[in-house]
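In what follows, chain A forms one complex with chain B and a second complex with chain C.
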Partner chain A sequence: MTWNRENKWRAGLVVLGVIFLFAAPNVFQLFTIINMTTAIAFAILALSLGLIWGYGGILCFGQTAFFGLGAYAYTVAAINFGGSTWAILVAILVAMLVAAVLGYFVFYGRVSDVYLAVITLTATLILYSLMRRTSGPEYKIGKSLLGGFNGITSPPLNMPWDTSQVLFPEHVFYVAMAALILAYILCSWLVQTQFGRVSVAIRENELRAELLGYDIRFYKMALFTVGGGIAAVAGVVFCNGVGRVTPDVFNLYNTALTIIWVIVGGRGTLIGPVLGAILLFYLTSSLGTQAVLNNNLVLGAILILFVLLVPKGIVPSFTEWWDNRRALRTSRRKEVRMRRRRSRLAEANGEAGDER
Partner chain B sequence: MKGEIVLEARDLSMHFGGVHAVDQVNFALWDNELRCLIGPNGAGKSTFFKCLTGQHVPTHGDVVIRDVHVAGREPHQIARLGVGIKTQVPNVFDGLSVEENIWLSARRWHKAQRAKVLTQETLERLALGDIRSAIVGTLAHGQRQWVELGMVVAAEPWLVLLDEPAAGMTHEEVETTAELIREVNKTATMIVVEHDMQFIRMISNKVTVFHEGRILIEDTMDVISADERVREVYLGHKSQ
Partner chain C sequence: MDLFVALALQIIYGIANLVLISLGLAIIFGMMRVINLAHGEFLMLGGYTVVVSTNNGVNLWVAMFILAPLVVGLIGVIVERCLIRFLYGRMVDTLLATWGLSLLLIGLVTTIFGAQTSTTISAPFGPIQIGDYTSSGYELFLICVAVLLSLAVYLVLRLTKLGLVARGTMQSADMAAALGVSTSKIYMITFGLGAAVSGFAGALLAPITGVLPTIGATYIAKAFITVISGGAAILAGTASASVLLGGINGIMAFVTGPTIGEVALLVAAIILLRLMPRGITGRFFRKNL
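Let's look at the complex of A and B:
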């Protein structure tokens, strides 16, 4: 990894994140902190889609499937184990396994992009209706009832060394923020490895990547699986923030939201989707408290606005503007320097003329 | 001079519905050869290349590369045998820099350190050094062709297929390309598809003429340019 401009930006963002992690609980009220935990969960989910879509070109319309599976797997495992530490691992593994299997069929079957979107969306909606039907006492995994439509109460996180030391909501915030920062670092690192660079190449031109000898099916499946794992972490954070997991994690609204976060924040960057998710989370929750405008209507309008006016999303548009400004400045400076030199030359010539 | 046969097409056919793009082609290429492939538009040259590199599964017949039967294999598997191809429509990574394009090819076959060196060497060899940080999508057609050639060369394949490498280039660029091809041929066996007769004379002695999916004749350029049938289907076609 080189210490280039982009990585300096990334390091700066990580530092900001760490400062925020420690400062926020001292500044904000508990209610705000609990709310933030949910926003952070969405940010991690957006990051996972930003990774596979923005860098790998995999348009997954069902990233929430892995998010929801992570939340459910965590909850069920934590109830059965009587502790959270291993449950987190189980959640990540379950989601990654499902992603790997789905990815295998989709990528090795060379399903086209459009069908990939349809298949992942369908998988999510199937999970939605499946989980809604699990309300009877016969639907249980080990000690945990699945609870149908009402979902399951998620056991809170506990200290890894002591299951009786349960984390309070402000501590859950620390965990959430730390998870976001770590996921961001992981993704930043990943996109600069050979694996990440080849994934970007595949996004750019699949055929060329194949003709160079890269097995694009494997790369896509692997990236998809990593994305599933990160989405599962988001799910774990989410059900800890809310204290419960319901089939609604799989619903169409959330699925669409994920895509909108990434479009608004910007594909091809990692911080973009994170900011997109947080921005829209606060926008929709502030809209939720009033009755004048319909929430979905506003979201739809935002989506259309961005697709038409800011198609690259906030962060890429910003960096473009910033770079242009810098370029303009340096070129202006150059011009001023040239003009000075020219006038100096003219002066010198003039003097020479006088002497003659 | 003739060593062993390194590439062979046996009864190779590629049909698209009623179109027999490649039709029962038997073709052999010897080690270290530089073969030119010519033929009028739609003769099936590109389709033939696509069958050799796994982009199409042939309707019938087989392709044997150094004793490996490759018909029906994935493109990356065939590439791994050491086969490099420049396609007719430039296939490059448009959103990435010139350097990244070349590196992606070099890194496929070499460890990080060696790949870096090889990338630099290739950039210099193809005089792409000045535009190394340029985004390939913003370059002119000729330059994009060069980037693709660079990618092929950087992988150091032993079998190189070039589909119209000089298309859209200036006269000067064409000559440099011919030089490059001759140089690459020192270490690699090659097939080059071209329309430009002068260019072919610059690089090759043995030429295969495709016509309507079949091989019409296979000989030296002198014999071929004197051949009546070739004149009819190709040279005549050109001067129309």
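Let's look at the complex of A and C:
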């Protein structure tokens, strides 16, 4: 890991995040903090998609499948174990396992990226209709009823290995923010390892990467699995922020939102999707307070406009503009300096000529 | 025996249902290599056209067979001109833009008609008796329509001048353009045709499912699985994938209930794609339409 400009930026963002982590509960009211926990859960989900789509080129339209599976697995496991410590681990493992199995079928089958998008989307929608139908008493895993349309109430987090100490909502915020920062650091580190660089190479040109001897199927499946695990963490944070998990985590609206966060924030960056998620979370919740414009209408318009006009997303477009400006300024400065030197030379020559 | 007939009818209806909901998508995907994520909304608009026009006193058959394809086909043409046209050859961007369109249409319909629509239309045929079992007459009617619709699409693509020119354009747009075909117009017509077929299917299914702005979501999962499992050939692909997946779905639903039926459908499709990544028609019936 080198100490280049990108990493300085990333370190700065992490410091900002840590400051926010400790400052926010002292500044904002409890309601805002609880709301923020949900926004942070979405930000982690966006980060996971930003990692696999932006860096691995894996067009996954069903990232909410792993998000929802994480939330459901956490809830079911926490009810059965009577504590959250192992439930978190179970949630991550379940989502990673499903991601690995699905990844095995699609990547080893060499399904093209557009097909992959549709298959992952379909998997999510089928999970949605499956979970909606589990309302009867016969649908249960261990002690936990699945609850169908109404979902399950999620048990709150507790201190590790101490089920008597249950975390309060403001503590859940600390956990959520810490999870976001850790996930961000993990992703930043991952994209700079050998593994991450090969993934980017595969994104750029699959055939070339394969001819260089990399097993692209394995790399894609591994990255997909890691993304599934991070999405599961987001799911755990989400169901703790909201207090319950319903089949709606799998619905088409949330799936579309995930894609829109990443498109708006920008592919190929890690902070872009995070910002996109938080920005759109507050936009959609403010849209919910008025009745004129429908949420779907606005989101659809945003998606179309970004695809047609700002396909790179906000953060890459901004950094590009910034770099261009800086490059222009330095080149202009250089030009001025050159001109000055030239005129000085000409002056000196002219003087020399006069003397002659 | 009666049970067998009733079950067979149920499975055949499941297959016909898959053919209906995926044929429009298959036309657009097979001909233009455009995956239209707003397909579910085209079906939804077809359903709305029927409900709105019958509420305004239009005959049900006129609304179903003429108005719905016409209206949705027109919407398809507008969408192609304003959106899809700029994105040919950029598959991922098309996918995203049509998803945006899907949300936009859901939002628009919700704004106009409200999130819940209580007005539904009843199925025009009563139940029919098979021994001890009853079956819906309308489902039988839909099976016939699905067969006739597939046949009509086949005949249009195979025998008419338009079908010939369209297939030529899809095979080699440059060559077709050099021979004097306006490829841009052909793309527009093909997309409109696909949309019209989707609208027609949505109208046919409206009496069974009712209409809601978000009903598209219930169709698209099945439609996409069918089209992708089918592969590139429009009719052979849709038909073979519908028979396979509809059959699996029907049998599993009969054995274990509808919940597992849909999961079985998805699992079958994923395993199928592991074995044949380019769909059934990527391996079999490759020369068919």
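The definition used in the following text is that the second predicted complex is superposed on the first by the 351 of 356 C-alpha atoms of A that agree within 3 Å, B and C clash if a C-alpha of one lies under 4 Å from a C-alpha of the other, contacts with A are read in each partner's own complex, and residues count from 1 in each chain.
In the analysis below, a residue touches a chain if its C-beta (ideal position, glycine included) is under 8 Å from a C-beta of that chain, and two chains touch if they have at least 3 such contacts.
Quantities reported herein were computed from a predicted structural model and do not represent experimental measurements.
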For A:D215, select first, second, both or neither according to whether it touches chain B, chain C, the two together, or no partner. first
Quick check on the superposed pair: does A:T163 touch chain B, chain C, both, or neither? Answer first, second, both or neither. neither
With both complexes superposed on chain A, which partner does A:T319 reach: first (chain B), second (chain C), both or neither? neither
Determine, under the contact definition given at the top, whether A:T38 touches first (chain B), second (chain C), both, or neither. neither
Touch check for A:N80: first (chain B), second (chain C), both, or neither? neither
Given the superposition on chain A, which partner contacts more residues in chain A: chain B or chain C? C
What is the contact status of A:L207 with respect to chain B (first) and chain C (second): first, second, both, or neither? first
Which superposed partner A:R197 touches (first chain B, second chain C, both, neither): first
Chain A residues contacted in one complex by chain B, in the other by chain C: none
Show me the residue ranges of chain A that touch chain B in the complex, using the header's touch definition. 194, 197-198, 200-201, 203-205, 207-216
Residues of chain C touching chain A in the complex: 35, 83, 86-87, 91-93, 95-97, 99-108, 110-111, 214, 217-218, 220-221, 224-225, 228, 258-259, 262-263, 265-266, 269-271, 273-275, 277
In their complex, what parts of chain A are in touch with chain C? 59, 102, 105-106, 108-115, 117-119, 121-123, 125-126, 129-130, 133-134, 251-252, 256, 259, 263, 293-304, 307-308, 311
Spell out the residues on chain B that touch chain A in their complex, using ranges where they run on. 53, 55, 74-76, 79-80, 84-85, 87, 91-96, 100, 103-105, 107-109, 112, 151, 155
